[in-house]
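Report on one structure; see the data block that follows.
For clarity, chains are labelled A, B, C and D in written order, and residue numbers in each chain start from 1.
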Amino acid sequence: MPVAGIDIGSRTAKAVIMEGDKIISSHIGETILKGPDVGIAVLNESLKLAGLKLSDLESIMPTGYGRFQFTGGEKHVSEISCHARGVHWYFPTVRTILDIGGQDSKAIKCDSNGRLTNFVLNSKCAGGTGRFLEVIADILEVPIEKLGELALSSRQNISFSTVCVIFAKTEAINMLREGVPKSDIIAGLHDSIAKVAASLLVQLTVEKDFSLTGGVAKNSGVVAKIKEKIGLEPMIAPDPQLIGAVGAALFALDRAKRRRTA
Amino acid sequence: MSQILKTLTPFMEINKEFPFASPIKEWKQSGGKVIGFFGGDIPEEILSAAGALPVWLRGHCSEIPLDDANSYLHIYTCSHMRSILEIALKGDYNYLDGVMSTPYCDGSRRMFDVWDRYIPIPALFFLHTPHKNTPEAEAYYYENMKEFVTSLESTFQKKVTKEALWDAIKTYNQTRKLFIQLYDLRKKDNPPISGAEVMEIYDASAMMPRKDFNILLEKVIDEAKTADRKLDSGHRLMINGTALHNPEYVKGIEDLGSIVVADSLLNGAMGFSDLISEDENTDPLLAITRHYLNKFPAPRMVPSEIRFDKILQMAEDFRIDGMITGVVRYCAPHIYDEIRLSKRFEARGIPSLRLDLEYGMAATGQIKTRVQAFIEMIEERKRKG
Amino acid sequence: MKIIGIDIGSIATKLVLLNDTGVVYRESLSISERSETVAAKIIEKALQANSLSRDSIDLIVGTSRSGGDAPFADMKKGLYMCLFKGALELFPDVKTIIDVGAENTTIVTLDKESQIKDFTVNDKCAAGGGVFLEAIAKAMGLSLDEMAAEAMKTEKTIDIASTCTIFAEQEILSYAFEDPPPPRSEILAGLHESLASRVVGLTGKVGVIPPVLLCGGVSLNPAFVRSFKKLINAEVYLTEAPQFVVALGAAVIGRNYILNSKESPHAGSGN
Amino acid sequence: MDHSLWLEAVKNLEGLTNHVLPKVKSSGEKAYYELYTSYFQKVTQAMVEGKEIAAHSTFVPPEIFHAMDMVPVLIVSSSGAMTVCTRNYKDAMDTSRGYGVPLETCSAHRIQLGHFVKDWFPKPKLIVHMGAGCDAFSSSGGVSADMYDCPDFYLDVPWEYSKRGVKYLAEEFGRLIEFVEKETGRKMDWDRLKENMARTAEMTRLYREIAELRKAVPSPMESRRAWQSYWMYWINAGTPEGVRWFTIVRDEVKARVEKGIGAIPNEKLRLLDLFMPPQFSFRLQDWMAKDYGALFVSESIVFHWGEEEIDPSNPLEALAMRYFMAPMTRCIMGSSKDFINDSIKAVKEYKVDGAVFWAQNACRQAGIIRSLKDALSEQAGIPTLVVDCDIMDPTFVTVEEMQLRLKDFIEILSERKARRSN
């Protein structure tokens, strides 16, 4: 029977429906101040895509920021464990994961079963998250999906003081005022995100097979910088934003299985 | 979780009345003096022997805007101190007859200056404390204690007698003994009391006469012993870090499948783990001096190994699965302490987690995610053995 | 006499054209380019709109908040001076000037002789300007006007404790996941109040002397002004074009300079 | 151990010195470059020759190590200097962040810990740190000792000056000497310590004399020289080099006062420096002096000594007394009263037009700003500018951002001064 994983993040909610070992459907929706109902909304969308009803699901696992308010699901699991689990499903050899999310950046270690063994998160003040990119993309009037491409055309190294999104914004404005090309500013920004990520990773031991997840993993500029800083090629899942929901769905499968055998 | 302990109700009632709780009001109405203090390691026994009610100042158990405080203490001062100052600037600490501090940390020292200059207060007391427990430090500290007693006596026109000091020592030791009993109950597999509930007790203890408090605490212990209350322990955690007072913060941690069974907080185990000598043939002031010099040390005291060993010993005694350190931003003593302590925990195979906090915070979304993942990690480690 | 005052702000650049009768033209441009380019564009625009040539302008006085150079200007002046002169031009009896701009809040108090007594600007690590509201509006997918309008629907406010924009954003997001979530209007009213409270808290550093002029772009926001008036506890002046006070001050300094030099050709202090 | 960074830094420093020396005319500037470079050269030499190095935090007296024939090296300041010389700010700070040191602590200590994580710092025989300055000072030495797994001694200092405090601190110095004797097997040469203390007393006398001479209008000393003097004092306390430095500077300053000339040609505004400016560059101060004739004529935290004298015949007590009388410790330790009163006095004695407080990122000493600013306004009648900045991180607040604030302030002060003279 199918199961669902829902990752209700602070900015977006994602739902994945799985059956056996396959993803049947998925959906991503905006969350901002929409409240707890957003989880059920994205779930319904993905059910529709799969041609299923809520009652067809054997188990629903919520994770993410909004997991506490989600009713009608399993006892929730943190998105950090879900990330480890989701990545493991795609890449069983991966032991180190770097997740750059909207509000947090995390470095995660897992074992050969995809179980969480250690993790580090950025301090609240450190920036280096997806939000960082959004704010700057906005100032530069560059669509966020174009950032990576632009950054790769940069010719000079610009250093950002990465402490804070707000300060970085002021810095970016000043750079614009001094006539620094947008591509260089974006490249500098990517560099600083990669630096924060690298400083998280050094707190754990990085193993060769490592994966990059979160919306930022779609950004070729950041990926290139991370490769440069870590010296390893990250493995990236087809839709890195969905990893948490996939992990949650896998936990849902476990729970369902456990109930069946019990 | 099972029904809350009935005997906790009086404490929770008092906490609701913060900052001017009824025991303080009653004390004032009967003509008693009230001395507020901040910083740490304050010899409350002396204040009490001088006939005053010592009140440990703190901020609200919620994160409040600190805009007034920010204009007096720059934002690089921790929000713990600024939260206290905000209340004082709003006039809600106007009931105090005096304020006392020590050179505890950068924040408390500068806060004392601001208090001195800007907050109308009848009396200010400052006790100089050393950072070591050498014989020279003891002599220096003892002389400072004497000086402090003299300033108290002259301000309140009241002699601090040996008898009063011994009486206060016994009363405060009684509290310590009771807390030791209470913590012994927390060593059990299924402790009868949660960490959040213990925090309620601590919070109330700061706002009432010690003798009254002891009576109430004794009742809690009796109930905890007899009520056959077994909290589902989940994973056993210890909390550490900057002085924190919000039971909701602890509850947030416990709601995620853990129970807080021990702490190394200034407003917790650091205060009661050691007793003052009650040998009446000695000088009570010297007994107090020695106690404060040698007790469970705060991060300001050196060598840090004494503190680390004590915490590690607690971790063993309370069979800790993990340690969570809450560090209020800009709290330098705990920032550096945590770096060293977590490495020592790691060496013993006990995982630790640092949470960056603002004072007053409950467990917010981000904190919950970190804590839950931490607990899931502990679970995995346990599963593997 | 025709004088141009230009205020190169962190986000928008403002221009005021002054003649013998007073302000005849105002212009604002929000483009992120080199200061010189922006200034050249805004001057060009002003000249065209008024059918003037560059030669017909007696003096251009500029001030820059981002520290960029102002080679276009005949005379450069600092932010505090311009703000001070602009405010005095509008309200000769003003004693406290509070300018809430995009990035910063600047406060100037005046003494009995209407000279600068004290001044302050918000601490670096505490968002003290409109950017605080903007960032959150963006995150919520609302315009600033929509956000203010929604906040005005309620008198109740929810406390937003964080001084940091990013922390505040998280605080607001966390409300959405409260069960039940508080009404959005109350959260937004709280957001505006939180900025107002921070601005008023900042006045504690210099001490408010009434009457107070509230200016800067953010003072066009009704929800902010409502909270500000509630908290300040002093008579508040508002002005119709609050974001132009600094540019006006620059122009006034230019006018006074020309008037003074006509009287005494050696006066050069710019006052 | 990876000493390449240290060696590179010292090489850069030597290169800079060789480059600058032929150009500078001032004997003070010359002496600074020479002495500063030779300080680090001595440490490098000790590393190469395997001489025992004593790493110590600021205010721990180097006189003791000199008297025991060890090579002292400052922990925080040397790490900082090495970073300035190699411009590896980011690397050092990112490294410490990776180690778990959060951003909410001062960058000077973050850089220090970065050097220890990477093993860049010379391996010392022992580390001596003390609770002077701030909580970060009290704590970071212990973290460094942990990292290098080397014996450390924490020197306890009383919070405020008192007779009792002097006695206790002197006893602590005694314990420190016992510790060094035990760890190294060396013996304290008490005669040498007395000689060192006599030089320290002489340096202090010259330091105070310079402070007096600086009251002249126009001011005879560049503000960078004031900070150089402060560092020279703590690097070379008790050494002939130290006496040499202060003699040169005194002579330079005295000659100017006698001739009635100033350190800068066109002095217009006299400023009081209230706190530590960013240490990565003195470009700001040079720019203020050159473009605006605005000169810092005194510095509350490094140029105001307490009144008590230092008696070299009792070296331990002399060390304690010097600690309490020295400007920085006098201001930063103890209640804010000394800091405030010294500053008010300075405004009058040095004819100051305005004051500047450098609000260092994450520095809890900023808690004094309000009291100081109010006191200077009410009791000395001058305005104070608060400049947000970072002690070691040049990107936190850029020089341009600081210039903008300073420019506005200079404009206000100029108007004020013009109005008053009318």
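Methods note: contacts are C-beta pairs under 8 Å (C-beta built on N, C-alpha and C of every residue); 3 or more make two chains touch, one makes a residue touch a chain.
Predicted model only: the values in this text are computed from it and were never measured.
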So the chain most remote from subunit A by C-alpha centre is D
In whole angstrom, the CA-centroid distance of subunit A from subunit B equals 39
For the pair subunit A and subunit D, the C-alpha centroid-to-centroid distance in angstrom is 46
Between subunit B and subunit D, the Cα-mean centres are separated in Å by 37
Where subunit C touches two or more other chains simultaneously, the residues are 66-67, 123-125, 167, 170, 173-174, 177, 205
By the touch definition above, subunit D meets two or more other chains at residues 99-100, 102, 104, 359, 361, 370, 400-401
Residue ranges of subunit A touching at least 2 other chains are 10, 65, 68, 103, 123-125, 167, 174
Contact graph of the chains (line, ring, star, complete, other): complete
Listed in rising order, subunit C residues that touch subunit D in their complex are 64-67, 77-81, 115-116, 118-121, 123-125, 205, 269, 271
Interface with subunit D, subunit A side, in the complex: residues 123, 125-126, 159-161, 163, 167, 171, 174, 195, 198-200, 202-203
In their shared complex, subunit B is touched by residues of subunit D numbered 99-102, 104-105, 131, 134-136, 138-140, 142-143, 146, 154, 156, 158-160, 162, 164-165, 167-168, 171-172, 175, 335-336, 359, 361-371, 374
Residue positions on subunit A within touch of subunit B in the complex are 10, 65, 68, 76-81, 103-104, 111, 115-119, 121, 123-125
Within the complex, subunit B is touched by subunit C residues 123, 125-126, 159-163, 167, 170-171, 173-174, 177, 194, 197-198, 200-205
